[in-house]
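Structure incoming, see below.
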Amino acid sequence: MKKLLFAALAVALVLAGCGGGGKSDVVKVGWLGALTGDQAVWGENELNTVKMLFEEYNAAGGIEVGGKKYQLEVIGYDNKGDPQESVNVTKRLTGQDKVVAIIGPNSSGNAIPMAPILEKAKVPDIATVATNPKVTVQDGKVKPYNFRVCFIDPYQGAVAAGFAYDRLNARTAAILYDVGDDYSQGLREFFKVNFEKKGGTIVADESFNSGDVDFRPQLSKIKAANPDVIFMPYFFKEVALSANQARDLGIKATLLGGDGWPSDQLISMGGKAVEGSYFVNHLDYADPAVQDFKTRYKAKYGKETELNGFLAHDAVLLFVEGLKKAGKPNGEAIAKALEGIDIQGITGRIHISPETHNPEGKDAAIEKIVNGQYVFQEKYAAQ
Amino acid sequence: MAAILHIRDLTKKFGGLTAVDAVSFDVSEGGIVGLIGPNGAGKTTIFNLITGVYKPTSGSIEFRGKSIVGLEPFRIADMGVTRTFQNIRLFKNLSVFDNVLTACHLNANYSFAEAILRLPRFRTQEKALTAKAEDLLGIMGLLGYRDLIANNLPYGLQRRLEIVRALALNPSLLLLDEPAAGMNPDETEQLMRLIGRIRNDFKLSVLVIEHHMDLIMGVCEHIVVLNFGEKIAQGTADEVSKNPQVIEAYLGTSEEAADA
Amino acid sequence: MVQFLQQLINGLSIGSVYALMAVGYSLVYSIMNFSNFAHGGVIMLGAYFGFFSLTLLKLPFAAAFLLASVGTFFVAIIVERVAYKPLRERRAPFLYFIISAMGASILLENLVIATIGPTFRTYPEVFSKALIELGPLAVGRLDLIIFLISAVSLTLLILFIDKTKLGKAIQAASYNVKACALMGVNTDRVILTVFGLGGFLAGIAGVFFGMKYTVYPQIGNITTKSFIAAVFGGLGSLPGAVLGSVLLGVIETFVAGYLSSQFRDLIAFVILIAVLVLRPTGIMGKVTEDKA
Amino acid sequence: MDWTYIQGILMLAGINMIAVLGLSLLTGFTGLFSFGHAGFMAIGAYVGAWISASPASTPAGLGLPFILAIVGGGAAAGAVSYLIGRISLNLKGDYFCIATLGFGEAIRLIFNNVNRFGGARGWPGVPGKSTFVAILVADVVAVLFLANLVKSRHGRNMIAVREEELAAQIAGIDVFKYKMISLIISAVYAGVAGVFFAHYMTFIQPKMFSLTKSTELTIIVIFGGLGSISGSVLGALVLTALPEVLRAFEIWRLVFYGAAVILIMVSRPKGLMGGMELTPSGIRKVVAERNALREAKAKLLAEAQSGEED
């Protein structure tokens, strides 16, 4: 039994090792993200996007780098949304598959532990929606091989707080957040700080645990505090459930959220409960710049792209630009080249700051849900 | 002779049921005492009370003049009271040798650190333990089964192994709960002789529960008879067998047994 | 006062969901003396069965409800046959049952992810979501219906166990499976019945859960709570499971509502452990003194 | 084959192995079943990170040497396990399980709420001190310690508790004490594994130490075989590598994993090693047991035949 297992293990590892042959005119790019687990929808969407764009580049003859045409190949692995698996996958991509760059993952917890491996292997990573500041900067020092195309939590929190205070004229706010989720805790913290700085009051600060489905105890407490807005910095399933339950309890306050909201399912599940709510987004869905990508994606995969697809799209754009600028398919050169790049992505202008590796000054879009549609309100930049 | 075990007014109630009702008796130093009575008379309960498995509702149990009521079973065992079980409780997945070796642990006192670093005291004491375990197995005629997993041992030998395991603790009082259950007359006879020999060789006292009257009559110097939790008689084999209450209790049960 | 009553309603409504799940655990525990962690997976399948009966087959609610319960009835029996029966025959210790149950739970959850997909699905609106408002208090209609159907099915279950011959065999087996086998009770059939019943209840729980909170492959995880509730009430006791669930629901709600939502589960666990220290077999668990 | 990748998997397996060996003492040798050992790993990971992280980083640490982190992380987990044990070791079977489950979840909840340690957002910037050699040394020490413990009167007493609690009591074994010692040692192992894990990942988050992690450890112990140290070692290696091998199956891999767990339980319920040790003395023991069984059968058969002849 044991021998058999070992043999199987050895064979499988060897087979896996022989997988990628070394064709010289192909640039291999890694992707990692969740293909299983509750984040799988987004992972799949990102990987599909990268695949589609690479196919398009290749069909057009490839990318010219340093006077030579290269084809692009993506090697995508599932990390189950688990940091430990992200480490495994990163080691596999950099060590075994010898990719020149990695795109993803879609969560900060999965992106942060990749840093030492990337540094050792000298392979840059472009995160899609990892919004924790510590993905690219730790203790005031920028991590040389970590980049991203999205804005960060402090910014998003400041946008939400500023919008609530200045545009919605909210003076009291309640927060409901997922205490077990890093993204949710981050947004809650920065919303709270910024809203109070503006002069507003947080009248209730309640939490739930990842996996909870009933929020009425917390909402009843929030109802008693009677806030102008309720900030809900978590993902759409919980948003829909908590919004429904809030309305059931007779809470009339305006709901406000972050980039965990946008999804078709929010509308179908949330229905009337999320009507009139606002959320901070990375882009305006109605923006003419994104329509072409939306159509191409739908034509290829038969379904709408999620939010992650747009950011994966821009991550690919950024990578291709970096590759061209580097002049050779080499991780170290690409990392150098990415610093300071300034391109127009479909989610906005992406200017990678050499100090933070973040797309500095990227506007956030505020959307409102009206008649079951996302209606763009304004580009809002926090001061 | 002085009493090694001194029981007075021992009572145990389970909810509304009185399993043992104000029972008193002694086991004399070096004596073999039989505890008999129909099913449900409270015999095993008394064993459980003596060994600390149950806490008595009231009454006293003194071992060598010291109360052992309320002590945990392992402390009572440590003091020198040990037992076997009616439904055998061996360390089933361990070998015959390991069963005995485990129970020998009171003969060693090396510490955790000494064990983990394999220090000299560990080595010498372990050697001594092995020797003792093999000795005991030899005396009881089980050495031939040294490496057999206890569960694979024939039933009669399992009972014998349980006795060996008890002896490994160097007890001064041994409680045997139906040691002859499931044995044929031949084996019972062997066991009878064995119990006598153990008493003499190991210099201990024995309290034995048994249904086999041959065994009881043959080996016990003193007999205590229980019925419905109460002591109804005590004395020598002769005295007890002539006691009308005892005869009635036994006849009664045999009728009930026939009904069932 | 209003908030107190509203929180009490919230707690009871959460508790009644736990109860439907916990009873299935307790039922199996009473016979097999192990915690059937695959129960969560069966509940999850029940939610999916109900969902597809309503959306794909377009069945009326009652039929969908029945189909889901019958479906999980068979799933539970299959799980028993595949994952537990061989262990039973080998008289494996309870650890093995639990591990096998975990395997089944991992298998069921990921099978659904692989075949149906990881996305959440919303039940079509069967009952109007309108609220029953008692002054400032709000009671969900769905909550009320769930509460009533749970009460009816639990009563039927208790009647079944008390009044029928098979039920009595189950009761007897819950005291001593071996003795029952010796006395000619077909324990295999009793065990199958218990799993089937547990599965049937899982179907009911799954459909209600789905209606209330949507359907997704990780529903099974929430059953950790109902497992705790079952332990709280005393494993193996059906009324205990119900009581434990309601208490857990109410305690959680009040802790979140009045003390701290951040530490809600922590405080709930502390209370659980305190109960276990004071009553080592839960509130209504069968107390057995280890017989020598 | 690339060494960094394989080394990474081996390091993870080595870290898991430490925790699994500890749990093996508790579950495999003492017969107690825990759902909370990820909690002890979390304590080890956080205390270890706190001891070794630089005072200049956020969250700030003490900047002490790695070896102190290992000692501190292990000791902290052991100390907490003592408190848990005092409360819950008297509970039986599933009730003890649920108490450990509650404890494991409680630890995670606490770390989620402690902002000093980064809360749910985690603790980045833990120094990457878990080298391959360090893990290898720790594994060797862990195995030797456990093997020597198990083959001593203390280890035998624990096994006796697993086999038959009441009989162990009657044999003069302080059951509670040995359960407690077993729990503490297993928690120290888990704590040390947590320290290595934190310094391997360089980033820790409370959700890494979930119930799933606890059950994974238990599954490895059972897969390897209760009461076998070699089984735990092999189990940790095989089951840590298995998901990587199954990576090719993508979404189906956890389905296979679940099916494999059931299959192992059903077809080989004693696990990979079934209480056997892969050492010369372990093999000799098994051979001796087999021979003894054969001899005993022969003896009984002979007796039965001679009985018939009479």
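Going in written order, the chains are labelled A, B, C and D, and every chain counts its residues from 1.
Note that a contact is a pair of C-beta atoms (placed from the backbone, for glycine too) under 8 Å apart; a residue touches a chain by one contact, two chains touch by 3 or more.
Everything numeric in this text was worked out from a predicted model, so none of it was measured.
**Student:** On a CA-centroid basis, which chain has its centre farthest from subunit B's?
**Tutor:** Chain A.
**Student:** Of all the chains shown, whose C-alpha centre falls nearest the centre of every protein C-alpha atom combined?
**Tutor:** Given all protein C-alpha atoms shown, the central chain works out to be D.
**Student:** Per the centroid of Cα atoms for each chain, what is the distance between subunit A and subunit D, given in Å?
**Tutor:** From the centre of subunit A to the centre of subunit D is 36 Å.
**Student:** Please tell me the distance, in whole Å, between the geometric centres of subunit A and subunit B computed from their C-alpha atoms.
**Tutor:** 71
**Student:** Centre to centre, by mean C-alpha position, how many angstrom separate subunit C and subunit D?
**Tutor:** So the centre of subunit C lies 30 Å away from the centre of subunit D.
**Student:** Measuring centre to centre with CA averages, how many angstrom lie between subunit B and subunit C?
**Tutor:** 46
**Student:** For subunit D, what residues touch not just one other chain but two or more?
**Tutor:** 109, 113, 166, 251, 254
**Student:** Could you check subunit B for residues that touch two or more other chains and list them?
**Tutor:** In subunit B, residues 53, 85, 89 touch at least two other chains, as defined above.
**Student:** Residues of subunit A touching 2+ other chains?
**Tutor:** In subunit A, the residues touching two or more other chains are 36, 40, 179, 209.
**Student:** Spell out the residues on subunit A that touch subunit D in their complex, using ranges where they run on.
**Tutor:** Touching subunit D from subunit A are residues 1-2, 5-6, 8-9, 12-14, 16-17, 35-36, 40, 77-78, 82-85, 87-88, 91-92, 94-96, 108-109, 112-113, 115-116, 120-121, 132, 134, 138-139, 178-182, 184-186, 209-210.
**Student:** Can you tell me which positions in subunit D touch subunit B when the two form their complex?
**Tutor:** Checking each residue of subunit D against subunit B gives 145, 148-149, 152-157, 159-160, 163-164, 166-175, 181, 227, 275, 285, 288-289, 291-293, 295-296, 299-300.
**Student:** Would you tell me which residues of subunit C are touching subunit D in their complex?
**Tutor:** Per the touch definition, subunit C meets subunit D at residues 29, 33-35, 82-83, 86-87, 90, 92, 94-96, 98-100, 102-111, 113-114, 224, 227-228, 231, 235, 262-263, 265-266, 269-270, 272-273, 276-277, 280-282, 290, 292.
**Student:** In their complex, what parts of subunit D are in touch with subunit C?
**Tutor:** Against subunit C, the touching part of subunit D is residues 27, 33, 87-88, 90-95, 97-99, 101-103, 105-106, 109-110, 113, 165-166, 211, 215, 218-219, 222, 226, 251-252, 254-255, 257-262, 265-267, 269.
**Student:** Subunit A touches which residues of subunit D in the complex?
**Tutor:** Subunit D reaches subunit A through residues 1-6, 8-9, 12, 54, 56-58, 108-109, 112-113, 119-122, 124-125, 128, 200-203, 205-208, 234, 238, 241-245, 247-248, 250-251, 253-254, 268, 272-273.
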